[in-house]
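First the structure, then my questions, so here it is.
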Amino acid sequence: MSKKKVIIDEQRCKGCQICIIQCKKGVLKLGYKINKLGYRYAEVDNIDDCVACGICGEMCPDVVIEVWKE
Amino acid sequence: MSSKYYFDFVFSGFGGQGILIAGNLLCYAAILENREVTFFPSYGVEMRGGAANCYVVLSDSQIGSPIPSHPMASIIMSTPALNKFLPIIKNNGIVIINSDIVSIKDLQREDLNISLIPANKLSSEVIGNERLANMVMLGYLVAATKCVCLESLVNSISEVVSEKHKKMIPLNEKAVLAGYELFQKNSRG
Amino acid sequence: MEKLFLRGSEALALGAIDASVKFYAGYPITPQNDIPEFLSRELPKVGGKFVQAESEVAAINMLLGASACGLRVMTSSSSPGISLMQEGISYLSGSELPAVIVNVMRWGPGLGGIGASQGDYHQATKGGGHGDYFVPVFAPYSAQEMYDLIIRAFDVADKYRTPTMLLVDVMISLMKEKVIRRFEKRSEVKIKSWAFGKVKEGEQKIIKSLYLKGNDLERHNWKLYEKYKVMCEKEVIYESYLCDDAEIVLIGFGMVARIGKSAIDIARERNVKAGLFRPISLVPFPEKELEAISKKCKKFLVVEMNTGQMVHDIQRVLGKDIDISFYGKPSSYAPTPEELFYKIKEQI
Amino acid sequence: MKVVYKKPEVLKNVNFHFCPGCQHGLVHKIIAEAIDNFKIKDKTIAVIGVGCGVFLYDYFDVDSLEAPHGRGLAVATGVKRARPERIVFTYQGDGDLASIGLAETVHAANRGENVSVFFVNNTVYGMTGGQMAPTTLLGQITTTSPYGREFQRDGYPIRMSEMLATLEGVAFSARVALCTPKQLMEAKKAVKKAFQMQLEGLGFSFVEILSACPTNWNMQPLEAIKRVEEEMIPFFPLGIYKERRVSDVL
Amino acid sequence: MKVVYKKPEVLKNVNFHFCPGCQHGLVHKIIAEAIDNFKIKDKTIAVIGVGCGVFLYDYFDVDSLEAPHGRGLAVATGVKRARPERIVFTYQGDGDLASIGLAETVHAANRGENVSVFFVNNTVYGMTGGQMAPTTLLGQITTTSPYGREFQRDGYPIRMSEMLATLEGVAFSARVALCTPKQLMEAKKAVKKAFQMQLEGLGFSFVEILSACPTNWNMQPLEAIKRVEEEMIPFFPLGIYKERRVSDVL
Amino acid sequence: MEKLFLRGSEALALGAIDASVKFYAGYPITPQNDIPEFLSRELPKVGGKFVQAESEVAAINMLLGASACGLRVMTSSSSPGISLMQEGISYLSGSELPAVIVNVMRWGPGLGGIGASQGDYHQATKGGGHGDYFVPVFAPYSAQEMYDLIIRAFDVADKYRTPTMLLVDVMISLMKEKVIRRFEKRSEVKIKSWAFGKVKEGEQKIIKSLYLKGNDLERHNWKLYEKYKVMCEKEVIYESYLCDDAEIVLIGFGMVARIGKSAIDIARERNVKAGLFRPISLVPFPEKELEAISKKCKKFLVVEMNTGQMVHDIQRVLGKDIDISFYGKPSSYAPTPEELFYKIKEQI
Amino acid sequence: MSKKKVIIDEQRCKGCQICIIQCKKGVLKLGYKINKLGYRYAEVDNIDDCVACGICGEMCPDVVIEVWKE
Amino acid sequence: MSSKYYFDFVFSGFGGQGILIAGNLLCYAAILENREVTFFPSYGVEMRGGAANCYVVLSDSQIGSPIPSHPMASIIMSTPALNKFLPIIKNNGIVIINSDIVSIKDLQREDLNISLIPANKLSSEVIGNERLANMVMLGYLVAATKCVCLESLVNSISEVVSEKHKKMIPLNEKAVLAGYELFQKNSRG
């Protein structure tokens, strides 16, 4: 079913949560783990709801998200 | 260095752990005892969120360099800090490591007097959260080095804590004491 | 007298307040921002004016205006900003207007870095601006001296009607130490009869640096030079540490001297007869005092955090019979006391 | 699978040094996309002002030149006159472009230098730790306006896009923001337009980008973005203030 | 007998050094009349820019301060903040105020510094021998635009009165000329208004005076004045561009 | 080779054209306006660009941009304008960008006057800007040298990738003399592989002066210093006139040396054994050459049209055993040959 | 009859002729003598026509004219 | 000064009298004879309409100072010029004064070789107006000093006069000749 892919580069995410707030489908969430930069990072919570609109990728100020679809 | 009373330290960890506050506090305590002091903070372009460290020198006469090449004692609150500073500590120096944060593999210095302190845990125990781990470490250091007396250290707290956070003073005292007593227990035990 | 625990920069800013500075203009630049930050908070409380200028060029010229009105004025900046002020400093000198300029040196040339450096000795002492003039320059090496010397700088500036500079090592500016606030209750500074008062008094006052008629400008240039000569007699300050029996004397200013002192202590512990000579006033340079030492000691080691600037002045003062070696460290890593001790040992 | 969103080509594969939520990153990215779009990577020369954007050369794979603080447009003038066949843009903060560099900015605009200017307005001096900028809003507390910016003492926040639009040499002047996808799309269009103008030789093109500086505003990233929307945009209205068409110069 | 016309009081009894027909002299005179009018001779401080007006202190019996070229308004800022009770004016040429000093000019205006500015626009650098100024007209030949000023290479003549009028801090901005008795009367009014604004504390007041430089235009005085009327005024329209009223700031 | 009769300033501007200068930016200032006036007319004819900048600050930064593109670039100004360029000069040095800067000195400090003066020796030679760097400085004393030395300055600037200065006496600039146009048919200058070409070639090129990582900046500073050391070996130029048997040597640069030569002629006519030593490169200073003379001659008279600047370098180089006297004339009235002859006689 | 006086400071006049052109009554003219500044200077030709309007004084850029009337 | 061939001059008068042109012309003439020359104009802030003067030095070897302290010969075309320069002319020097312009009261130098030349009048006579008085003076000077030969002087005219004013060349020649011949007549007579 899931024909979309949202790839977040965990080691580069700075946990600003902009992608999370911008995803109107609630696909993303802030995880609890800490990356090597010292930040909690964004994770895909629930890819099924994703419509591959690409907005998360567009809005990420650190340009660490890729969005793919079939 | 020719003076009777002379101590030098490096405190190091991440920004936000209160490294600089601990350094300041120690300076104030020494000032209360009429010592000469220098406090030298780390600085650089990329300070935010990065490493924080400071050098403290206490003496009974004018201090030359504020940056000891080989500090006699150290508080270490992060793994990078351990890697950076362990090699330069003076022979037989005192190193106090927050074992709740620092991952310790191979210390590679046999000569040092190393104490691993679960400072976060201790902080939680006495004040209900981990925020005063720095104070615990400082209490332990003062006990271990006797560079200032406990009373001065406690008195210095009100110098550093601003009016606004006055209610934090007793908590800080508790944390310092916890560290101080831990050392005494350790050395007794 | 209040005893405080202050960063060098805070001590300096507080000293300025105690010296009755009433006007500050400056432009942000690392690593001296805590000075304007302190003064933007504190100056209004003592009836002073703080202006964040649009640039260093504007800042130095705002000083020119406020100084002409008789106020004690200051600015602070760091190396590239000081370069931009050179025209203004030359005008202040030419117009005989007092002002205090603080340079917390960064590491050049160009944008360089913000690390510790002493790369601006030449600029500060030889006049980075155009024309014949000398600016008195003081180099503090402790928080207490940051406090004391800025007050002295204001006094010297007024006495000689000249811009005056504090050349500060960034490490001195960052370091916290005990400071005795000696001059908290200083009486107000004297009214300057040459300056613009609240209204025009008597004759029209003209403050300018343009001299076109006949030999007026030549006379003016010699007048500036004579002021400098008087300074050379009266305003020299220096520190000499264990030089009396020294076989080698280390020379450094600011932070280097501070570290040098520790190096001398190490040397003495190991029975190496080393001493330290520290010019505190870089302009006027303590020429006679240094010469006096060279009557006894024939070996000198000059250390600077640059590729060799003050060493030129020392060569000039000491001449060729003296053995002068130079250790330069144009590096944000200050030399350590041990390092300097080894350099001393290498020379003897 | 097909890519829906991906990092632009001209951006190197390295971390930005920016603080979390800092919109300098987004500005970089939309400039990079425009360079990809016009396939001008090998023609472009970036002239970089001193400010938090100073490391642009670490991120963009284009020839780059560091200008002294504020002098970006004097430097760019030298570059463009020496190499008219290359595409030259400056990247400058509000302190850089509108305070110390104001004369260079206005004169380059007035001369109609055929370069593109990306002006990041975050109402503070970011790199030096949050001092008052020429664009700091009235009442805003900064490290050098500890009691809040006051018109009488500190002057009025300066609106560069409007001011430059009054100059003959300016071909394009626009203000954009990056808080919503819609704003982002407008911003992208403006940035492309700026390059387009230069490619067509129409003169000076200027895009002011409202940007969040969470660190020096002492805010969390999301709060900071809210501040851009609620406080900055009302004072600095978005829109195109001037747009020259080819037909205007024929 | 009654005097119909006489030299203003504040002017000393010495010769101007200006060339025959140079209108700097007229500008001096109308400023002097305004000082007489408000009886502020002892309150006034003149800040003088470097240009043909640099010897103003030889002619005016007021306290005077020489500013480095272009920095008149930074200097005046220092003076006025130090001595707010005094009346401060700057006297600046077009090279001084609009070229090298542009940043200082615009920022002082934007801060609304409570000073009066008299800006002598003669479309050349007079003192240095007739080089191109920011106000030089298109096509005008000067010693550094030997083939005539060209927009593409040299930029567009800058209109300061209009530009400054867009700034919040500016209380008054006007352009006047001195070719006819009528223009002279308007000019006098504007100069008085500028001082009036300052006396009332309304902020930055600016008067641009179009002025003939026969020497560097290589013209006879009468020809030069004709050029002001026929070539300058059409490009630099006379009028009041901004006027704040007391009620605006209440 | 064309033989022309030119003002110094024209010879200089023509030399720049023959050196293939392709970019000039500058701001008007007396007494050097004939240089931009010449170039605004002539540069377009040879495909060069002339920009009248909005200020000296803008001018020097335009040079920075055009130099980064590999063009031969120059500016000219006079003392206050040169002060305003100090930040830019420091950046050019730090970024290793060649550029030629001409300072036709006026008489400072401040606005000063436009009379002849040599008041900018310190600024030119000690780096008026911030940080560790040296700018090669040449001081012509004839129209022919204005032509020759500007060409040399362009070559040195390119060879060492450094800003380079011509420090010019206003009298040399105004004087008309015969000039041989030696280099009219010079072949084009070499393409600079480090510079931005017509398109990006290979690797991204980054031109900057900011060095933050580790000790990069220290290395960079030493690299600049090493370049200076090489210049000291290879770029020294000087003139020595009748020094071999001299009992007293007059030292001066630029106009003073020119007049000094007449003074030496007078002296020789009257059987006074006087010689002249003239540093042509002020940086690098002809240290060894001067020392060599001091092996034989023990009396020196330094003459400058200022209150004493180069004399510091001479004291440094010659040391204390040498009798050095100074005659300063910070005056737009240049000393006369007779005046200098009397000064010489006073010393012997 | 002549109740007006136009006083031109001859030694300071620079002969620019502005007053002459501005006087609509043709009262002033440029003389042939040369003053110590080296200029031919303006002179009152015919005071009777003068209406004491003051314009010549107002317009003289060197401020060297005084106008009086009864 | 040790050279066999050496001359130095000051020419002075008002701006607009062609003082600088005369100086230039003499230089060109000497260049045609392969001499070294320097020409140094007056300068200052207030040049317009004021005094104009120039120094010319001719030599057969490199010239030191372009500003002779005591010029050997001089052309004087205004009263201020006379007052300024008469005192500095070398002993027994040659001074040529345009007596149509300069008011001469007391010359106070007995040693000098002074010629009073009605140059304006002569100019009017030979070319119909006074404009080439400078050329008359120059012709006289060259005749009196023999620093260059007449032919060179005449040839140099075409170097100085621009293409545009070519038709002025013969007039200039005439004026120069008039001066030259006047000297010869005077010295013969």
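Letters are used for the chains, namely A, B, C, D, E, F, G and H, taken in the order the chains are written, and counting of residues starts over at 1 for each.
Please note the rule applied: a residue touches a chain if its C-beta (ideal position, glycine included) is under 8 Å from a C-beta of that chain, and two chains touch if they have at least 3 such contacts.
Quick caveat: nothing in here was measured; it's all calculated off a predicted structure.
Note on connectivity: the fewest chain-to-chain touch steps from chain D to chain F number 1. The fewest steps needed to get from chain D to chain H, moving only between touching chains, is 2.
Each chain gets a centre from the mean of its Cα atoms; the one farthest from the centre of chain C is G. Each chain gets a centre from the mean of its Cα atoms; for chain E and chain G, those two points are 27 Å apart. Each chain gets a centre from the mean of its Cα atoms; for chain G and chain H, those two points are 40 Å apart.
Averaging C-alpha coordinates per chain places the centre of chain C 61 Å away from that of chain G. Here the spacing of chain F and chain H, counted between their Cα centres, is 35 Å. Shown for chain A are the residues that touch two or more other chains, of which there are none.
Residue positions of chain B touching 2 or more other chains: 45, 49.
Among the residues of chain C, those in touch with two or more other chains are 30, 51, 54-55, 57, 80, 87, 91, 95, 110-111, 113, 115, 208-210, 212. Those residues of chain D lying in contact with chain F across their complex are 41-45, 47, 54, 57, 61-68, 71, 74-83, 85-86, 103-104, 107.
If you check the complex, the residues on chain C that touch chain D are 27-30, 33, 36-37, 40-41, 44, 50-52, 54-56, 80, 110-111. Residues of chain A that touch chain D in their complex: 3-5, 12, 14-18, 21-22, 37, 39, 52-63, 65-70. Residues 3, 5, 31, 113-114, 170-171, 174-178, 258-263, 265-266, 268-269, 334, 336-339 of chain F touch chain H in their complex. Per the touch definition, chain H reaches chain F in the complex via residues 1-2, 24, 27-28, 31, 36-41, 43-45, 62-67, 69-70.
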